[in-house]
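Notes to accompany the following structure.
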C-alpha cells in the first residue's frame, strides 16, 4: 500500500461561487488509498458542492486536484467515472426493471465478438465475481425491483467495483438501511479499503463516520473548519466544529414557551412495516421535535397523521375530537397543516405563480358564491403573505415559484399553510436546502406561529435545529417511539443514541 | 392477509392467461370446431399481421412513447407496392416495404426526439398525412396484387404456413433485440427511468429514435403479411389498426408508461384478440356484439392489470421495520 | 441571416420592426387568432366567398358541435388525461335520445315531455359514460388512454346495435320539430346552438379560470401529489373532468341530432382528430396543467376556417387529410418551440 | 439558440404559406358549377361512378366542385352549405344515412338549388329532391334466388354463408335483407350457418370467412354484399380448397353484388354463379339528366328507378353489355 505521505486524492484550495456568492472558500482535503475520509458538516456547509466538483458536475474557479499523483480536472461526470471516481448516492441510480447483472453493464455491455449481442456468459461471470466481493448473495439474473434497499446499495457498490473505481464516495449511504444492513455495509467498506480503494464517506450520522473513517474533515459555511484523525476527536468536538457558534445565537428566543392545553394526541398508531404503537401528544404553543434517522419512519408518521398514508390501528385526537380515517381534507379541516420534505414534488406547483400557490390550500376562503374566486382578494392575501414572510418579490401574481430561491419557495409553502391558521403545523425538514439567512427567518416564523398559540411537530435531520427550537424532543427509531426528552438543555448524545437505535432501553424510561 | 394478497397477486398476474383459458373453454363448449388444430393455425395466421405490428408498437411503448401512425405506414407502403412494384419478385417488395416503413418511422422519431414534440400528436398527425398521401397515389381506389404476392399466402416454409413463419421470424428477431442486445436492454432502461438513463450516459434520444424506426419497419412488414392474405389494398386498409396493436400490447402486459412488458406478452395479446374474433365467427354470433365483446375483454384485462399494480405498490411500499406475519 | 417571410403574409400583418415583434406575436396566446386572419387573407384571392356573411355564418354554425366537444376535452387534457370515447358518446347519446322522442315508435312518442326528457336522457348517457371512464381511471387505476379506447369501441358498437331495436333503417329519424328547431331556430338573430354553446363556453371559461374547482383541475393536472397534499380531492377532480367531457359530448350529440333530424349511430364518428387537434393547436398541453377555453375556441376556429376554405375549393379528401395533418403537426411543433423559448426567458 | 428560433419561425411560416398554396385550384369564371358530393370512394363502383359523372359534366361545360364526406353526414351537411354559399347550380349527392340527409335537402330547397341523390334515396319527407335508386334488396334477392335454384337443382342441402357489409350502411342492410328473403323461400335447400360481419373491411372479411369455413367446412353457398371483397374471398376459398368452377363437385355456389369487372371475370371463368348488377351507366345518365331538367325548370319525378338486374350463368351473354364491370373489363382486356 502507498505510504501516508502520498495521498491518492488531493484537493487544494478549491473555490467556487454561484451568482457572486462564494459557497466554497479555499477548501483542501486529501484521502489516502485504502483509507476513508469522513466529510461532515451541516446542510449548506459545502459538502455537496465539493462532491459535485469531484464528480465533474461543476468546475472550480480556483484550486487544483490531483488523483493518483496526476492533475485531475474532470469536465463532466463521464471523465470523472473514467478516472475511477464513483459515487454511491442516497438516491440509487438503478433500473428496477433490469436484472442485477444488466444494471452493472447497462451503458457498456460486453459483446460477443462483432455481433451486437450481449455476451451473457461474460457478464454473468464478472457479475458473480463482484457480487462475491461485496458479499451480496443474489443471483445475477435477479430483477433489482425484487431486492431490498440495502441489497440495491450493494449492487451500486458492485457497479463501482466492476468499473475498477479507485475512489468511491458514499453520500448518506445508511439513511434507508436496517441496522444489520448498515453493519454489512461497513464490513464491505472495510474490504474495499483493503483492496486499496480510497473512500470518502459523507453522513449526518456522526457515529457512523467515526466508526468507518480514519480521518475526518469538517466543513462549515463553505470553509474548512478542520481536519484531524478520528482518534483525536470526540463527538462533541466534531459537533462544535460543525456548528461553530452557540446555538442560542442562531435560534431566536421565544417570548412564551410551551405549556398550554393538550391539543393534539396520537395513541397506539400502528401500520405493519412502518409504525408500531406510536403514542405522543402536543400542547398548545408547544414545539415538539421529532428526531430520528432518515428512514426511521418520521416522515411516514407525519403522512399517516395527515391522511396521506394509511394506518391499521390507532387514534388521532385534535382539539378533543377524534380524527377518524383522516384524508388530507379532513385533516386540514380539523386544523392540521403539513409542510412536506419534498418541496418541489409535493409542496408547490412549480410552474404556477406565487399567488396561485399561496391560496391553493385555502381556496374556499377566497371564493364567493358558486366557488367563484375573488382575484383581488387573492392578490391581496398573497401580498400580505409575501410581506409577512419577507418574500424577495412582491410581484406575486406573475412570478412563477420555480424562479424563486429555495428559501423563498419554502416561505411560500409556509405562508400557504399559515393562511389556514393551523392548530397543528407539521413541518418535515423545513430548512432543507435553504441558506443560513433563510433558515433563521424560517425559525422566526415558526416561533411567531407558536406564540400565537399553534402547536408544531418539527421533523429534522439536524439535531441542533431540533434542540434549538423544540420544547420537547421525541426520538423515533424503526417506527417505534424510543425516547422522549423534555428538559432543556437537551442531552444531545442521548438523543442521538436513541435516534440511532442504540441505548434504547436507557433512553426510553 | 399478506399471504392472501400474494395469492391474489399471483392470480392477477396471470389474469390475461386465465381469461384466455376461460374464453377457450367457453368457445370450445359452444362449438366443437373451435378446438381443432387447424383452427388454432387459422387463429395464428390471422393474428400474424396485427402481432407483427404490435411487436413494433411494443418497442415504442417500452420507451413510454406511442405510435398512432402504424396504420398509415401500412397503408402507404402497401399502396406503393401495389402501384409501382407489381412486377417485382416478392423479396424485392418486402425489402422495399421494410425500407419505406423504417424511413417513415425515422421521420416520426426525428420529430419526437429532436424537436421534442409529444409523440401522441406527432404520430396522430402523420397518420393522417400518410393516409392522405396513399389516397392521393391510389386515387382512393382499391388496388389488387398479382399472383406473386397472392401465392405467398398458401406457401409454406419447412411445413409452416408463410404468415406464421414470417411472424415467428419477426418475433424471434424482436425477442433477441430486446433481450440479447445492449440496445434492447437500454430500451428497457430508458423506459424504466429516463432520468437515470440520462445520468448513466445512455443515448436516450437515439434509443427512442430507433424504436420508432423499428415500429415503422414492423408496420411495413405487418402490412405485407396482411396483403398476402387479403390480396388488395383500399382506403380502409389498416384503418384504426393502431388501436388494435396498442390493445394487443397492453393486453400482453406492456405498460403505456414505459419500461414494462415483453414481445411474448404482446404476441399473446394479439392472439387473444384474434381468438375472440375467431370464436365469435365459429359460434356464428350476432354480428352486432363483436365490438362489444372485444371491448369488454380489453377493458377487463386492463382493469385487472390496474388492480395488480395497485396491489404490487401496496406490497412494495417501503417498510422500515420487519413486518410481523399475522 | 435575413428572414424573408412569404410575401403576402409579410406585407399584410407583420409590423416592420422585425423579428422582435414577430417573436412576441408568436409567443402571445393570440397567435392562433392572428394565424386565422393571415390564413383568411392568404386564401381570399382564391375563394372570395370566404369574406361573405353566408360563409361566416356557416363557419360559426360548423364550429359549435366541434367546440363543445373540444371544451370537454380541454378539461380532460388539463387533468393530464385523454378522452377518446367522445365520438362513441356522441353516437350513443344521439341514438338513445332519438329513441325516446322519435315520432315512430319512440318511448315517449307524441308526448309533450318527449323532448325535454330526451334531452335529459342524452345528458345522462354522456355523463354516465363519463362516469364509467372516470371510475375506471380513479378506482381501477387504469390509464385513461386505454379506458376510453375500450369504452369507445364498446359504445360505438352498442349504438349501432341499439338502433336495430328501434328502426328498420340504420338510423332513427322522425324527430319532433320542436327538437330540430334547436339547430335551425334562433333567438333575436343568434342561432340557438351558438347561444347554448356560447353559454357553455363562457361557463366553462369562468369555471376553469375563476372558480376554486378550476384551480383543482389545473393543480391536479400539474402535480397530483402536490394537489393531494394541499387538500385537493384528486380523485373527485379527475372524475369531474371526465363527467364534464361526457356532458359536453352529449350536447354535441344534441346538435348533430337536431341538425340531421336523425339519431345516427355514426354521428361524429370521425371528429376525434379534429377535436384533439383543435385543442392542441390552441396550446393546451397533452401533459396536463396547462390550457384555456379561449385557446380551444381559437383552435377550433382555425380548424373550421381551414376546413371551410377547403370545402369551398372542393379540395379532395386526401388533400384535406394531408393539409390537416400537416397543420396540426406544425402547430404542435410551434407550440413546443414556444414553450421552450418561454422557459428560457 | 436565437438563430434556431428564427429559422424555425421562418420555416414554419413558409410551410404554412406553401400549404395554403396547395389548396389552390384554378377557377374559371362565368361557367356553371355542379357540386358532386360523395360519401366515400371505397369501391370501384363509386370510383367509376364519380369518374363517369365528372367526365360527362365536363363535356357539357360544367365546372365541378367535388367533396368526399368520409361517411360523416354532418360533414356532408357542411359541404352542402359550403356549396350553397358558393352558389352552385346543382348538387349530386351520395349520402351515408337516408334520414340524416334531409336537412341538406331542405337547405338546398331553400337556396333553390336542385339536388339529385345518386344511388341512395333519402328517407321520405316533404323536402324535394330527385333520387336515382337501384333496388338493392330486389337485385340481391333476384341474384340469390337464381343461386338458390341452382342449389335446389343439385338435389343436395347446402350450408350458406353471407358476408355482411358495415351494419351502419343502409345498402349493406338492404342487400342482407334481399339475401334473407331469397333463402327464406328455400328452407329445405339452404341453411344459413354463418353471418359474417365485414365492417366493409377486407381484413375482417378474410378472417371472418376463413373462420366460418373452419367452423363449417361444408359451406357450399356464399353471398357477398359487395364485389370488392372478391380478392379476399378468393384467397380464403383457395386456402380451404374450395375454389372450383361450376361443374366441379366442390364448387361453392357463389353470388356477388355490384357487377365489378372482377365479378365479370369470375362469371366468365365459371367461379361465380350470379351477380346482382346495378346499372351504373344508366344511373349516372339519369342523375345528370335530372340535374339538367331541374335547372331548366322541368318537372322530374322524385324517384327514378334503376331496376338493375341479376346476371347469371344463364343470361350472361345477352346481358353482359349492360354490365358496367364488363365494359371496364373489356377496356382493360381488349381483344
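Going in written order, the chains are labelled A, B, C and D, and every chain counts its residues from 1.
Quick note on the criterion: a contact is a pair of C-beta atoms (placed from the backbone, for glycine too) under 8 Å apart; a residue touches a chain by one contact, two chains touch by 3 or more.
Because the structure is predicted, anything quoted here is derived from the model rather than measured.
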{"item": "Most widely separated chain from chain D, with each centre as the mean of CA atoms", "value": "A"}
{"item": "Interchain centroid distance [CA atoms averaged], chain A/chain B, Å", "value": "44"}
{"item": "Geometric centre distance via CA averages, chain C-chain A, whole Å", "value": "47"}
{"item": "Approximate Å spacing (C-alpha centroids) for the pair chain B, chain D", "value": "33"}
{"item": "Chain B-chain C separation of Cα centroids, rounded to whole Å", "value": "30"}
{"item": "Of all residues in chain D, the ones touching two or more other chains", "value": "41, 68, 167"}
{"item": "Multi-partner residues of chain C (at least 2 other chains)", "value": "160, 164, 316-317, 319, 322-323, 326, 333, 337"}
{"item": "Interface hub residues of chain B, defined as touching at least two other chains", "value": "140, 288, 290"}
{"item": "Chains grouped in pairs wherever the two touch, ordered by label", "value": "A-B, A-C, B-C, B-D, C-D"}
{"item": "Complex contact set, residues of chain D against chain B", "value": "40-44, 47, 68, 164, 167, 193-197, 200-208, 210-212, 214-216, 228, 231-232, 234-235, 238-239, 262"}
{"item": "In the complex, chain B residues that touch chain C", "value": "66, 111, 115-118, 120-122, 124-129, 131-136, 140, 243, 246-247, 250, 256-257, 288-292, 294-296, 298-299, 302-303, 305-307, 309-310"}
{"item": "Touching residues (chain side chain A, partner chain C) in the complex", "value": "306, 308, 328-329, 331-332, 338, 340, 345-352, 356, 359-361, 363-364, 366-367, 370-373, 375, 416"}
{"item": "Partner chain D, residues of chain B touching it in the complex", "value": "31, 33-34, 36, 38-39, 42, 45-46, 49, 139-142, 144-145, 150, 153-154, 226, 229-232, 234-237, 239, 274, 277-278, 281-284, 287-288, 290"}
{"item": "Contacting residues of chain C [partner chain A, same complex]", "value": "206, 210-216, 218-219, 222-223, 225-233, 289-290"}
